[in-house]
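Some structures are shown below for you to check.
Next come two complexes, and both contain subunit A; in the first it sits with subunit B, in the second with subunit C.
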Partner chain A sequence: MAIKVLHHGLATTVQDLGRPGYFHLGIPVGGAMDRLAMRAANLLVGNDEGAAGLEAVFMGPKLEFTEDALVAVTGADMPAKVDGVVQPGWTAFKVKAGQVLSFDFLKSGARIYIAVSGGIDVPVALGSRSTYPIGALGGYKGRPLAPGDELPVGAGSLASEGRALAEEYRRKPGTPAALRVLPGLYWDRLTDEAKDNFFADEWKVAPEADRMGYRFRGGRKLSFVERKQPFGAGSDPSNIVDSCYPYGSIQVPGGTEPIILHRDAVSGGGYFMVGTVISADMDLIGQLQPHTPARFVKVTMEEALAARAERAGLLERLRASLN
Partner chain B sequence: MSKLEIRSPLPGTFYRASSPDVPPFKADGDAVASGDTIGLIEVMKTFQEIPAGIDGKAITFLVDNEEPVMAGQVIAEVEQ
Partner chain C sequence: MTTRYTFGGDEHLFVECSDEMSLEAFFKGLSMAKGVRESGIKGVTEICPANASFQIKFNPDIIKPDDILREVKAIEGAAEKAEPVIKTRIVEIPVFYNDPWTHETLMRFRERHQEPTGTDLDYAAKINDYSSVETFINAHSGSPWFVSMVGFVAGLPFMYQMVERQRQIEVPKYLRPRTDTPKLTVGHGGCFGCIYSVRGAGGYQMFGITPMPIFDASQSVSYLRDFMVFFRPGDIVKFKAIGREAYDQAVEDVDTGKFSPPIREVSFDLREYQKDIDGYNAKLEGMLYGH
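Right, the complex of A and B next:
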């Protein structure tokens, strides 16, 4: 069983839930930007949650199936079509040998997840099939898909077509998108005015936003508290002595454009971080289109932990609903 | 005489020319062939060429240079 890539869309990559454990060596966690959507797609076609599927951003690929398969598309609202016939999202549907899976224009959200019964069976690299293109690691030959590629698919189980995920699990960003942030280690670098402005201003997703970092612009420039330049730090007030960058941390080089580090981020560097987006909201970022308005919402550690527990509960209910 | 629409396949920033100091790919009123590039969309640090996708006698742009566009938004109309 194989899938032939007729068109690759914009940037379509093989992804699973990532490769945690190597970030201290500079290998990012990788994996789906919207992990809940990836998990749901896999469960709908009878796969393990951690099976590899495809992540396509803004534009869907065109894929020809060489054998019958069960497929589910989750995440963004981008209608899937089988030989031109529209299929429902968040629902398992059949694709027969010789049929072509293609996609309509993106309607909302940013990334779709395509799961195929049996999973995309590329070799495992450092514990994951996720593609890290900058490091030419994992996925299909370490790169995004290209026309002519043939993706190997594993043996699938016999899940039934028509299974759908209830509406309540299909989370979408609000307008503006609200991203909850726990202020971090370098919070005291900002003036009181900048601390207020960061949370008060409306920001917009910049077109440069990608799997490494989600950049925002449109808010007021942040001002810094005067200091003596520390030994080893750059001269800009936003520079620090090199430090580890957590997944979800927000750096603001020069105080102008916040960048949230995401799945393919670098693991360290010399920019201060205002804080970290809480884990419960990281999936949401993967569904933000360029120019989408967004606000940062200040939370406490207690609120962040409560949100994480709530998210874990939602995932448990989602699993139970598909059993 | 009918009009067909050219839609943006991507969200991003629309550009009428390949750089600020060269003329636009197409001016309003120009004829277009299916394979002609009519503009660029900048997204994720890359520029994607947007082909006309249809043949026609005269193109009219509905989106300005450097304007944000959403996926599926009509960027130009073409008279057949």
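Right, the complex of A and C next:
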């Protein structure tokens, strides 16, 4: 069983839940940016949650199936079509041998997840099938898909078509999108005024937004507490001695444009960070389009943990609803 | 040197041993990271050492943030008392300085540089008070370098020059980062040297290129068959200046599987090193070349 790539969309990659354990060598966790959507797509077609599927951003691919398969598309609202016939989202549907899966225009969100019964069966690299293009690691030949590629598919299970997930699992960014942030790391490099402005201002997702990081514009420039720069840090007040970067950490080079590091993050560098987006809101970032208004919302560790528990509860209910 | 603890969201504990770079800060971080690993704190999923800090990724469903903070703080005292001695290795890395590929690239991005005329080497030599590019290259390849962090992208080493602070090469990064850097470029930013393991964006000044791959996802390079990443924190690097002919030969040797970098196991003692830096370096070099 295989899938022939007729068109690759904009940037479509093989992803699963990632390869933890190698960040200390600069290799990021990778995997689906919207993990809940990836898990949901897999569960709908009877796969393990960690099976490999496809992540497509802004524009869907065009895929021809060589054998019958069960497919589900989750994440952004971008209607799937089988030989031109629209299929419901967040629902398992059948694609027959010779049929073509394509997509309508993106209506909301940013990334879709395409799960196929049996999973995309590319070789496992460092414990994962996720694509890390910079290192030419994992995925299909270490790169995004291209026309002519043939994706191997594993043996599928017997899940039935028509299974669907309720609305409550389909998370969409609000207007403005609210991203909860725990201040920390080098937060105290900022003046009190800059600390207030960071959370008070409305920002916009910049066009430079990808799997490595999401850049934001539109807020006031942040000012720094004056200091003599420490040895090795570099001369700009936003420079630090190169350190690790947490996933979700927000660096602001030059104090101008915040960048949130995501699943394909660089593992470290020399820019100070004001804090970190909480784990419960990382999936949401993957569904933000450029120009989307966004606000950073200050939370405490207790609130971060409560939000995390709420997301875990949602995932439990999602699993139970498909059993 | 005051250790600072802070959380990176609900999944990371960030520990800064010092806000300025020094080998003491690096050793303290390395020693604490080792202590955390050996103590087997439940819920710890990843430990990433950096230059003067380190980061722990943990699962807050297994260990509460306050609990991991307490456990890591308890390790600090013991780590401070640990002997600053590591078993490591010294490796020779050939460098073709002033090569045509980084030269082409630096010319392409000249408008992003501090000095529109001249090269990155010219600029670095000048602001570090070297009389010529040649004497600068002699200094760059004259002393060993300590790998104080591996990261940014896959397998990229940050290297700290093993000389007194006043002799350390320091250069600013490009005014605006380049969108391209040749693979295996030897660069420098702030007080750190680096080798770009893959082609891509970068802001460090570019001095030359090495023929020796240091990351290979396909694991076809002979000395990367066991693991795709060459460097580990604590490695000691000695650069060797080579010309075009030796560079081409080395590239061919890599392709045919004949290239093997000179590597020796060594023990590094920070106290001995600090007593007599040049003498200690000479001893390390002696071990590398077996005399």
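One rule holds in what follows: the second predicted complex is superposed on the first by the 323 of 323 C-alpha atoms of A that agree within 3 Å, B and C clash if a C-alpha of one lies under 4 Å from a C-alpha of the other, contacts with A are read in each partner's own complex, and residues count from 1 in each chain.
To be clear about the criterion, a residue touches a chain if its C-beta (ideal position, glycine included) is under 8 Å from a C-beta of that chain, and two chains touch if they have at least 3 such contacts.
Here the structure is a predicted model, which is why all the values come from computation and not from measurement.
Enquirer: May I ask you to decide whether A:209 touches subunit B, subunit C, both, or neither, giving the answer as first, second, both or neither?
Expert: first
Enquirer: Thinking of the overlay built on chain A, is A:291 touched by subunit B (first), by subunit C (second), by both, or by neither?
Expert: first
Enquirer: For subunit A, which side has the bigger count of touched residues, subunit B or subunit C?
Expert: Of subunit B and subunit C, more residues of subunit A lie in contact with C.
Enquirer: Should A:107 be classified as contacting the first partner (subunit B), the second (subunit C), both, or neither?
Expert: In the superposed model, A:107 contacts subunit B only, not subunit C.
Enquirer: Which holds for A:231: it touches subunit B only (first), subunit C only (second), both, or neither?
Expert: second
Enquirer: After lining up the shared chain so the two structures overlap, which partner does A:174 touch, if you call subunit B first and subunit C second: first, second, both or neither?
Expert: A:174 contacts neither subunit B nor subunit C.
Enquirer: For A:239, is the partner it touches subunit B (first), subunit C (second), both, or none of the two (neither)?
Expert: In the superposition, A:239 touches subunit C alone.
Enquirer: Considering only the defined contacts, which subunit A positions touch subunit C in the complex?
Expert: 20-21, 23-27, 125, 132, 134-138, 142, 182, 184-185, 187, 230-235, 239-244, 246-249, 266-270, 273, 275-279, 301, 304-305, 308, 312
Enquirer: Note which residues of subunit B are touching subunit A in the complex, please.
Expert: My answer: residues 7, 9-13, 42-45, 48, 68, 70-72.
Enquirer: Residue numbers of subunit A touching subunit B in their complex, please.
Expert: 10-11, 57-59, 105-107, 110, 207-210, 289-291
Enquirer: So in the complex, which bits of subunit C are touching subunit A?
Expert: Going by the criterion above, the answer is residues 6-12, 14, 16, 18-22, 45-55, 57, 60-61, 65, 149-156, 158, 165, 172-173, 189-192, 197-198, 200, 215, 217-218, 228-229.
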